[in-house]
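Shared between the two complexes below is subunit A, which pairs with subunit B and subunit C, respectively.
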Partner chain A sequence: MRLSRCWAIARKEFFHIFRDPRSLALVILMPALLMLLFGYAVTLDVRRVSMVVLDRDHTQESLSFIQRFSASPYFNLRFVAQDEKKVKQLIDEGSVKMGLIIPWNFSKTVTSGKKVAVQVLLDGTDSNTANIVLSYVQAIGRQYTQEQTFTKVERMGLQRANLPVEGRTRVWFNEELESKNYFIPGLVAVIMSIIGVLLTGQVIVREWERGTMELLISTPVRKGELIIGKLFPYFFLSLLDLTLALLMAKWLFDVPLRGSITLLFLLSSLYILVALALGMIISTVAKTQLLANQMAMIIGFLPTFLLSGFTFSISNMPDWLQVMTYAIAPRYYVTILKEIFLKGAGFSFLWFETLTLVGFMVAGFWVATRSFKKELR
Partner chain B sequence: MDKAPLTVEVEDLVKTFGDFVAVDHIRFQVGRGEIFGFLGPNGAGKSTTIRMLCGLLMPTFGKGRVAGFDLMEEPEKIKGAIGYMSQKFSLYDDLTVLENLRFFGGIYGLSGAFQRQREEQVLGKVGLGELRDRITRALAVGWKQRLALGCSILHEPSILFLDEPTSGVDPISRRNFWVLIQGMAERGVTIFVTTHYMDEAEYCSRLALIYQGKIIALGTPSELKLKTLSQGVLEVECRPLIPALDLLKKEPWVLESAVFGGGLHVIGKEGIRVEEEVSRFFQGKEIVIDRMGLIRPSLEDVFVSLIDKEEGQ
Partner chain C sequence: MFRRIRYLFRKELVQTLRDKRMRITLIVPPLFQLIVFGYAANLDVRHIRAAVRDLDQSAESRDLIGRFGSSKYFNIVAYPQTPEDVRDLINQRKVTLSIEIPSDFSRKLKKGDTARVQLLVDGTDSNTTLIALGYAGQILSEYSTKILVKRLNRAGVIGFEEAGVDVEHRTWFNPNFESRLFYVPAVIALIAFLVPIILTAQAVVREREIGTLEQIMVTPIRSWELVVGKTLPFALLGLLDMIGIALIGIFWFEVPFRGNPAILLLGSVLFLMGSVAIGLFISTISSTQQQAQISTFFFTMPAVNLSGFAFPIESMPEWIQYLTYANPLRYFLVIIRGVFLKGNGLDILWPEMTALAILGGFMLLLSSLRFQKRLT
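Right after this comes the complex of A and B.
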């Protein structure tokens, strides 16, 4: 292993990068674009659910019940219907997600202390959203009932009653239960996976395609020197992308970064090397740049997106799939990112993930070196 | 550096790709400072041979040594001792002349002041000093070839392998290129060159003719001419040309006849006095002989007749 040879290769790769402004722009713009797209599009928060109300009662009580919906940030009262047909039509059209129908005897029944049923119609095509909306409605209903009971009790001249048990919840690590705080750190992992694999996915196959490999392998350069030399510039580009993604996470999406930035960068560098090694393997195997690109997109993106715990919680997966997630590196990186970002975890909590990533990196480079043949193909 | 008189020696070298035998039991030796030409039509196995000698392809069978290293066991050591110029231009288009030189200098382990000195020497030698900052893509083909040569001699290899170094290059550049090559050979560098240009073959100190993977003749250009066509070649200027050729082709005593320039080249079979035969043959047929005479065969004559002989077998 001669460092001067690695350096000669690294310098040449830098020239390639800087002489090709379009690919350079892609490298810088792509993480920003992905971050914006995913950051804004991927959200599980249900807010401002459009709804229609059919009030058959028209009393102060029914109005105050409706107001609990219209004043809530979770609902958006868009229509007031005059008959049931209109409610049905609006839901069918998709103009509203929910219809609320208040019966004519609402006020009378409530004031007489009896139980009244209001009808809630939900658009169940998006089951996840419907579920969440349902729980909002139930919460509003419960609260209303509770308050009605208290008023009644007070009117009877008694002391305000105390409920025997009240759960006071406090959510740790993501106090507002905002899904972006959960998504954005994982998103950084997705972006670094795609970028890393995409960058090095090109480097070997490009030399074959341009016909420059024949001369390169006629020299005494060693496989390891070639791979390390080629890795070097792309490692720095990836660090640039990482910085960009982290800055956007912190300043654009306001995700709290509670842990050490140094640790975040160190462990991210480790993961970048894993992704670059994977790209290198693709590059030694693929016969054309196009194929390498497609392989990089699929191998870099899909496992990270589906199996890393970025979108779908691993503990909810079937057992056999859970076992599979242990075999993919992004799983560990997603954990590292979430722990450092949200919990402010230190290295003592992350040593297992770190060691696993080191293992992935060593294995990755070993395979890349083995699968690169210094012989014409 | 290897001081042995033989710099390349191979025995029974074979390369097959599936059922196809690209190189078929070839055997030859190249001495130090020789310009050894590997001559043959496209697809004859020239590039396959040169790639095996450079350690780019593993031979299927056989043995050999290049620059003192074993062909089968030490291909990486061979790579450090030789220079290689591939058939297809394979330098980096988006790098400048100097950046390409610097890259290959680095790869061959040169460094510091010595590297700078070698860069200057090579730039001077191949005449690219003024174009050093030009992007390689913008160079004319002839200049690209010179740069490729420059990159392959930076580390002062004792053997230089050139795979059709002048294909697609204009005649003047080709001539200049060969002057460079001859100069290096005079200073003791062994040159192994493949070509299908007959005029270039004349520059070689020794030639191997390769056809369908086999070496069908080996020797100096004059040896080949004497051995193959001792009976000489008859140049006939006659009218009308093509009917004359058609008539000759049917005659059993004619080994070879072809249009050459404005006349015909006729080679008789062994023991035939071809000049007398031709004048007798054309008498009474409506063909007028303007001029006729025995000439020294060209390499092309040799080459064509050897291949005809091979195909006849």
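Right after this comes the complex of A and C.
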């Protein structure tokens, strides 16, 4: 193994990337674009849910109940309807997600110390949002009931009114419950996959397609040197992207980074090697660049995006799919990222994920060197 | 004239379908997405793993714990002894929620004071946490009411009732909150978006790369005929792919189809104009298939995420919401979900249809002009 030969290959590969503006954009702009998209533009937080209210009671009490919705940051009272038909129509055309119908006997029932049924109509199309909206509504309903019940008890003059049981909630790790804190750490894994698999998937197949592989074969460069030389630039660029992503996460989006940065870099380097090995395998197996790209998309990018727990929590998936996620490396890396970012976890909590990634890396490079043949075909 | 288009049309179909990797593009990624979004993207929170640290060990505390344990939302999996144990359980993701009952719980209840129950929750996955907290709040409040009634009973009030509201909810279109009903129609829309873009861009660039585009130009074919011949086959393939996936969605994933297929077809045709226009545009800015692929990626990634596919548009920052009006996928998602789940007709969907027609026509015109300019 000669370092000078590795370096020569690596330099050539650097030139390839830097002289093709589009590859360069994929390296620099794509991570930034993804970070902006997921850190700033999209969110799963349910706020300002558009709603319509139909108040059949028109009393002080019903108004004060409605007030609880209009004053809440979670709801946006957009329409006041005069009949149920209008409520239905607004939900049907998608103008509102929710309708609140207050019956004519609302204040009468509440002030007489009973419970009155208010109707909530939900557009269930977006089931996840609807689910959360419902839990907000129920929380408001509970709060209101509690207060009314207390007023009633006090009016009866029975005793000092005390709430029997109260829940005190403390949320750890993502105190504000913001979805960006959940997305951004996992997004780093997606970015690593773009370079690792999508770009690296090209390196060998390109030489074959252009016919330059035959030239390389005739040089004294060895297989191992070729692989190391080819992968080094991508390893370097991945680290560059990692740094970029971390800076954006910390300074632009205020995602807490509680753990050790050194550990994050070390374990990320490990994952980068796994991704590069996968890219190398794709590159040696695929016959054309186009096919390599497609394989990279299907076995590299999509699973990272959809099955790693990056946006969709693995524990909510059906069992058979959960089992499948154990077979993909990004799953472990996403766990590592979320743990280090949000929980500040140390190595003692992450050894299992680390060992698994080491296993993936060894297996990956073994397959890559086996499938890569430095001979004419 | 139509003969020339027909020949070109046939050639493109044959060329695409005989190519194995193109056949793979038509089948594997759509199926993969269908499966993942049909099964995986689920926020239906059940069986949340919970730990209980009961410092009181009284009949009352056991009653409360029993309510958590017997609810379908929580599985009590651990009984830690110390705060460190609790922390470890949450840190190691063994539990999401920890319920801590203080040692004075039953004493305070008997005295008529407020007993405080501590809930510690892992907020990493914000929405799952929110829903879990909602369920926990429900259980606590039911228990609290029970105690209140008991206290009043002791004070001589028989048959006490709560005052306030009962929230009766009815959920339309998707009463069981099944996320696949939300995502499967969206995946179908995604197919109609991506497939024509990828195929159109590749077909043109491939000819440019191997030099046959110049050969076509010396034939008597006119440039607009070329545009039609290069886009129509892929719109058709996109439509067929979409229908295939839709059938799987309806029959395998049991997504209801409540509307009129003709309306969906109309929306799809209008939408496909935009898709092929984007593909054609990408072909004009790429000289290799490689470049075309990267450009497609750059273009579709934001377009898909800013369409309402998974992330609600109304939660986005306002200026980005305006941006989404230029995104054809945004309108088509409203149409396809409306037709599938709500059974919407043209009376409701006409604004989206109009927007698609205008946007698609405009985009098609612009990219054809650019395409023709690039040819000469």
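Keep in mind that, in the parts below, the second predicted complex is superposed on the first by the 362 of 377 C-alpha atoms of A that agree within 3 Å, B and C clash if a C-alpha of one lies under 4 Å from a C-alpha of the other, contacts with A are read in each partner's own complex, and residues count from 1 in each chain.
Criterion: contacts are C-beta pairs under 8 Å (C-beta built on N, C-alpha and C of every residue); 3 or more make two chains touch, one makes a residue touch a chain.
Worth saying up front: this structure is predicted, and the values here are computed from it rather than measured.
Placing subunit B and subunit C on a common subunit A by superposition gives a fit, with no clash between them. By the touch criterion defined above, A:I9 reaches subunit B but does not reach subunit C.
When the two structures are aligned on the shared chain, A:Y40 is found in touch with subunit C, with no touch to subunit B. Of the two partner chains placed by superposition, only subunit C is touched by A:Q289; subunit B is not. In the superposition on chain A, contact of A:M1 is made with neither subunit B nor subunit C. More residues of subunit A are touched by C (comparison of subunit B with subunit C).
Of the two partner chains, subunit B is the only one that A:T212 touches; subunit C does not reach it. After overlaying the two complexes on the shared chain, residue contacts for A:V221 are found with subunit B alone; subunit C is out of touch. By the touch criterion defined above, A:L302 reaches subunit C but does not reach subunit B. Look at A:A71: by the touch rule set out above, it reaches neither subunit B nor subunit C. Between subunit B and subunit C in the chain A overlay, the least Cα distance found is 16 Å. Across the complex, subunit A is touched by residues 51, 54-58, 76-77, 79-80, 82, 84, 86, 88-95, 99, 102-109, 111, 148, 151 of subunit B.
Subunit A contributes residues 2, 4-5, 7-9, 11-12, 15-16, 19-20, 210-222, 374-376 to its touches with subunit B in the complex.
Subunit A contributes residues 22-23, 25-26, 29-30, 33-34, 37-38, 40-48, 50, 65, 91-94, 110-111, 113-132, 134-139, 141-142, 144-149, 151-153, 156, 158-160, 162-175, 177-179, 181-182, 202, 288-291, 293-294, 297-298, 302, 306-307, 311-313, 315-318, 321, 338, 342-343, 345, 349 to its touches with subunit C in the complex.
Contacts from subunit C toward subunit A in the complex involve residues 21, 24-25, 28-29, 32-33, 36-37, 39-45, 64, 90-92, 109, 112-131, 133-138, 140-141, 143-145, 147-148, 151-152, 155, 157, 161-175, 177-179, 181-182, 202, 289-291, 293-295, 297-298, 301-302, 305-306, 310-312, 314-317, 320, 334, 337-338, 341-342, 344, 348.
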